[in-house]
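Read through the structures below before going on.
In what comes next, chain A is part of two complexes: it sits with chain B in the first one and with chain C in the second one.
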Partner chain A sequence: MKRLLGVALGVLTAIGGFVDIGDLVTNAVVGSRFGLSLVWVVGVGVVGICLFANMSGRVAAASGRATFEVIRERLGPRAGLANLSASFLINLMTVTAELGGIALALQLASSVHYLLWIPVAVVAVWLVIWRVKFSIMENVTGMLGLTLIVFVVALFLLKPDWGNLAGQALAPAIPGEETASSYWYYAIALFGAAMTPYEVFFFSSGAVEEGWSVKDLVQSRINVLVGFPLGGILSVAIAGCAAVVLLPAGIAVTSLSQVILPVAEGAGKLGLAFVLVGIVAATFGAALETTLSSGYTLAQFFGWSWGKFRRPAQAARFHLSMIICLLIGIAVLSTGVDPVLVTEYSVVFSAIALPLTYLPILIVSNDPQYMGEHVNGRAVNVLSMVYLVVILVASIAAIPLMIVTGAGS
Partner chain B sequence: MILGDLLGTPVYDSDGGRLGRVADARFVVDGAPQQLMAEARLLGLVVSPHSVSSFLGYERTGVNQPWPLAQMLEWRHRGSFLVMWEDIAMIGEKSVRLREGFTAYSPALDGAGQE
Partner chain C sequence: MNRPFPSTLAPVPPIAGRTLDAQLHLMDRQALDNDGVPVTTVDDLELSGPALETEIPEGTPAPILTALLTGPVLGTRIFGGRPPSSRLIRIPWKDVADVGVVIKLGVSGDSLDAGWVERWIRDKIIARIPGGRHDPR
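After this line comes the complex of A and B, so read on.
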C-alpha cells in the first residue's frame, strides 16, 4: 500500500512538474499561430524526454553518478568544461525565465507590477532551497502544478469543433499566413521546451539526492513513463485552448495574460483562480529545479560536495553558487527585459545544447563498467540512436532558422 | 611540463617521419602501495594518426554499443597504437620522438579496462 502510494505520488509529481514557463509560453504561442498543426512535436519531445530521463536515471541509480560527474569523467576536463559552460549558461537563462514567470503570474493575480514581485520570488526560491527537504519540495510543487489540468477542463468547456482540431493535429499543414521556416523554428522551440536539459540534470541528481539504488528503478520508470506523457497532455491542452480562442481572433501570444485568456473564457473566474495557482506552482517548481540544476552541474563538474541532503554548511560552494545564480537572474530581469521573450529564446537554446548532455549519457548507459547488467537494451539503443539524429538535426538547424525567421517573428 | 601539455603533441619516428599525435597516456597501478591503491606508473603513450580527441571509452574491446555510434567513434582512432615509455627517445616542447625499432602495441583494453 505504501509502495502504491509512492508510485501515485511520483506519477502526480511528474505530471505537475512537467510543465514549466517554457511549455506554457511556447505551447500557447504555437497554438495561437499554428493551431494544433505542431502537436506531433510534443509527442516527439515527450518520448524523447522519457528516453533521456530513463537513461540518466538508470546511470544515476546503477553507478551512483549524476549527469555532470559522468560528463567530466568521460569527456575529460577540457571538452567537459566547454560542455559545462554551454549547458550552464543556458540553464541560467532558464532560471531567469522561470523567475520572471513566477513574477508575471503573481502580477496577474495581484495587479502589482511584476518587477516588484521578482525580489519576493527570488527570496522565496532561495528559502525553499536553503531550508525545505528535497522530497517535500518536489511533491508540493508537483501536486499544486496539477491544477494546470484546468487547461484540459477549459478546452472541454469551450466546446470546440473537435473534428477541426483533430484535422489540424492529424494532417498537419502550415497555416497560410505563416512561412515554412517559422513553422520549423517553432517545431524546434517546442521540442526544446519538452526536452529541456535541466529536467535531466535535476532528475539524475534527484536520484542521487533520494539515494536511489537499482531496486528503485522500477518506480522511477513508472514515474517517467506515465507521468511525462500525461504532462504532455497538459501541453497539448494549452496549445488547444490557444488554437480555439486566440487563433480565430488573430491574437499571437506575446504575454502570459494571453496564455490564460482562453481559460478565463472557458472556465470563468474559478478556472482563472486555478490556472493562476497552477502557473505560480509550475514556474516556482521549475525555478527550484533549474536553480538546483545550476548548483548541481557546477558542483558535480568541479567535484564540490553537493546536495540538499547535506547541511548547507557542508555544501557551502554548492549553495553559494546557487545564490549567485539567483542574483544574476534578478540582475537580468531588472533590466526590464521581457521574461516571455527570455523564455522563447531559452527553449530554443535548450534544443541547441541538448546533444552536449545527451551524447555522454547515451555512451555511458552502454558502458558495462558503469552499468553492470543495466546497460541499454537493444530496443532502447535503436530508439536512442534515432533520437540522437533528431536531436542533432534540431540543434544544427536552430541557429540558421533563428536568423532566417528573426527568432520566429 | 604537465601531462595535459603532452596531449596533442606530434609524434615522429627516429627518421623524422610523422606517425600521429599523442591521444592518451596509459598508466598501470603497480607502484609502491599507498593508502587506497598503489602508485600509478606511466606505461606509455597512445599515438593516434587521425584524431587526438578522447576515445570516449571505446578503447575497450568489450564496449561496442550502440551501433553505429560505437563503430564511428572507434573508426576515428583507426591505426592508433601504444608505445612503451622505454621506446620514447625524446619528449620535447613541440614533438615526441620514438627510438629506432620501437614496438607498436595494440591500444585496446579488455572489457574490464585491463591490457
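After this line comes the complex of A and C, so read on.
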C-alpha cells in the first residue's frame, strides 16, 4: 500500500512538474499561430525526455554519479569546460525566465507590477532551497502544478469543433499566413521546451539526493513513463485552448495574460483562479529546479560537495553559487527585459545545447564499468540513436532558422 | 604472439596488484574523503622523477605517482603553462584508500589543503546566514 502510494505520488509529481514557463509560453504561442499542426512535436519531445531521463536516472542509480561528473570524466577538462559554460549559461537564462514567470503570474493575480514581485519571488525560491527538505519541495510544487489540468477542462468547456482540431493535429499543414521556416523554427522551440537539459541535470542529481539504488529503478521508470506523457497532455491542452480561442481571433501570444485568456473564457473565474495557482506553482517549481541545477552543474564539474541533503554549511560553495545565480537573475530582470521574450529564446537555446548533455549520457549508459549489468538494452540503444540524429538536426538547424525568421516574428 | 623485445630495452618488470590507467582511472575523477564527502575532482597528477628535457641515465628508477593535484592547475591544464611547484595544491598519494568509479581518501577532508576555499566560504559566508547549520533531514 505504501509502495503504491509512493508510485502515485511520483507520477502526480511528474505530471505537475512537467510544465514550466517554457512549455506554457511556447505551446500557447504555437497554438495561437499554427493551431494544432505542431502537436506531433510535443509527442516527439515527450518520448525523447522519457528516454533521456530514464537513461540519466539509471546512470545515477547504478553508479551513484550525476550527469556533470560523468561529462567531465568522459570529455576531459577542455571540452568539459566548454560544455559547462554553454549548459550553465542556458540554464541561467531559464532561471531568469522562470523567476520572471512567477512574477508575471503574481501580477495577473494581484495587479501589482511584476517588477515589484521579483524580489519576493527570488527570496521565496532561496528560502525553499536553503531550508526545505528535498522530497517536500518536489511533492508540494508538483501537486499544486496539477491544477494546470484546468487547461484540459477549459478546452472541453469551450466546446470546440473536435473534428477540425483532430484534422489540424493528424494532417499537419502550415497555415497560409505563416512561412515554412517559422513553422520549423517553432517546431525546434517546442522540442526544446519539452526536452530541456536542466530536467536531466535535476533528475539525475535528484536521484543522488534521494539516495536511489538499483532497487528504486522500477519506480523511477514508472514515474517517467507515465508522468511525462500525461504532462505532455497538459502541453497539448494549452496549445489546444490557444488554437480554439486565439487563432480565429488573430491574436498571436506575446504575454502571459494571453496564455490564460482561453481558460477565463472557457472556465470562468474559478478556472482563472486555478490556472493562476497552477502557473505560480509550475514556474516556482521550475525556478527551484533550475536554480538547483545551476549549483549541481558547477559543483559536479569542480568536484565540490553538493546536495540539499547536506547542511548548507557542508556544501558551502554549492549554496553560494546558487545565491549568486539568483542575484544575477534579479539583475537581468530589473533591466525591464520581457520575461516572455527571455523564455522564447531560452527554449531555442536549450534545443541548441541538448547534444552536449545527451551524447555523454548515452555513452556512459553503455559503459559496463559504471553500469554493471544495467547497460542500455538493444531497443533503448536503437531509439537513442534515432533521437541522437533528431537532436543533432534540431541543434544545427536552430541558429540558421533563428536568423532567417528573425526569431520567429 | 611472442615477439622478442629489442635487445636494448629491458623487459617490463612484473607488476603486483592492479594496473591503473592514469588518464582513464585517475584524471577528472571525483575524490571523496573518509566520510564520503566530495573533496575535489582530480585536476592533475604529480610524478616524481627526472625533470623534463634532461638526459636520463640508465638504471634510473621509474617515476612514481606522488600526489593528486587540484586548484589553479586546472586552468593551466586547459590553457597551457605550468604553475610553480609552490602553488600546487596536493593530496598525497598515500592518503588514497581506494580507486573505483570514485577515488576514496582515507583521511578527513577538513585536514586537507584542497578544502580551504570550501572552509573559507563556509566560515566567512554560509555559516553566518541564519539556518546555515540547519540539518534539512
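In this text, the second predicted complex is superposed on the first by the 409 of 409 C-alpha atoms of A that agree within 3 Å, B and C clash if a C-alpha of one lies under 4 Å from a C-alpha of the other, contacts with A are read in each partner's own complex, and residues count from 1 in each chain.
By our rule, contacts are C-beta pairs under 8 Å (C-beta built on N, C-alpha and C of every residue); 3 or more make two chains touch, one makes a residue touch a chain.
Owing to the predicted nature of the structure, the values given are computational and were not obtained by experimental measurement.
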**OP:** Considering only the touch criterion stated at the top, classify A:388 as touching first (chain B), second (chain C), both, or neither.
**Re:** first
Original post:
When the two structures are overlaid on chain A, which partner does A:305 contact: first (chain B), second (chain C), both, or neither?
Top reply: second
**OP:** Determine, under the contact definition given at the top, whether A:76 touches first (chain B), second (chain C), both, or neither.
**Re:** both
**OP:** Could you look at A:375 and tell me whether it touches chain B, chain C, both or neither (first, second, both, neither)?
**Re:** first
**OP:** Could you tell me if A:345 is touching chain B, chain C, both of them or neither one (first, second, both, neither)?
**Re:** neither
**OP:** In the three-chain superposition, say which chain, chain B or chain C, touches more residues of chain A.
**Re:** C
**OP:** Have a look at where A:132 lands relative to chain B and chain C in the superposition and call it first, second, both or neither.
**Re:** second
**OP:** Check the residue A:366 against both partner chains and state whether it touches chain B (first), chain C (second), both, or neither.
**Re:** first
**OP:** Applying the touch criterion given at the start, work out whether A:40 contacts chain B, chain C, both or neither, answering first, second, both or neither.
**Re:** neither
Original post:
Regarding the shared-chain residue A:316, is it in contact with chain B (first), chain C (second), both, or neither?
Top reply: second
**OP:** Go through chain A and flag every residue that touches chain B in one model and chain C in the other.
**Re:** 76-78, 369
Subject >> Sites on chain A touched by chain C in the complex >> reply: 63-65, 69, 72-73, 76-78, 80-81, 130-134, 299, 301-306, 308-314, 316-317, 319-320, 369-370
Original post:
In their shared complex, at which residues does chain C touch chain A?
Top reply: 27-31, 37-43, 70, 74, 77-78, 101-102, 109, 117-119, 121-122, 125-127, 129, 131-137
**OP:** Show which residues of chain B lie in contact with chain A when the two form their complex.
**Re:** 4, 53-54, 56-57, 60, 62-63, 65-70, 111-113
**OP:** Would you tell me which residues of chain A are touching chain B in their complex?
**Re:** 74-79, 362-364, 366-369, 375-376, 381-382, 384-385, 388
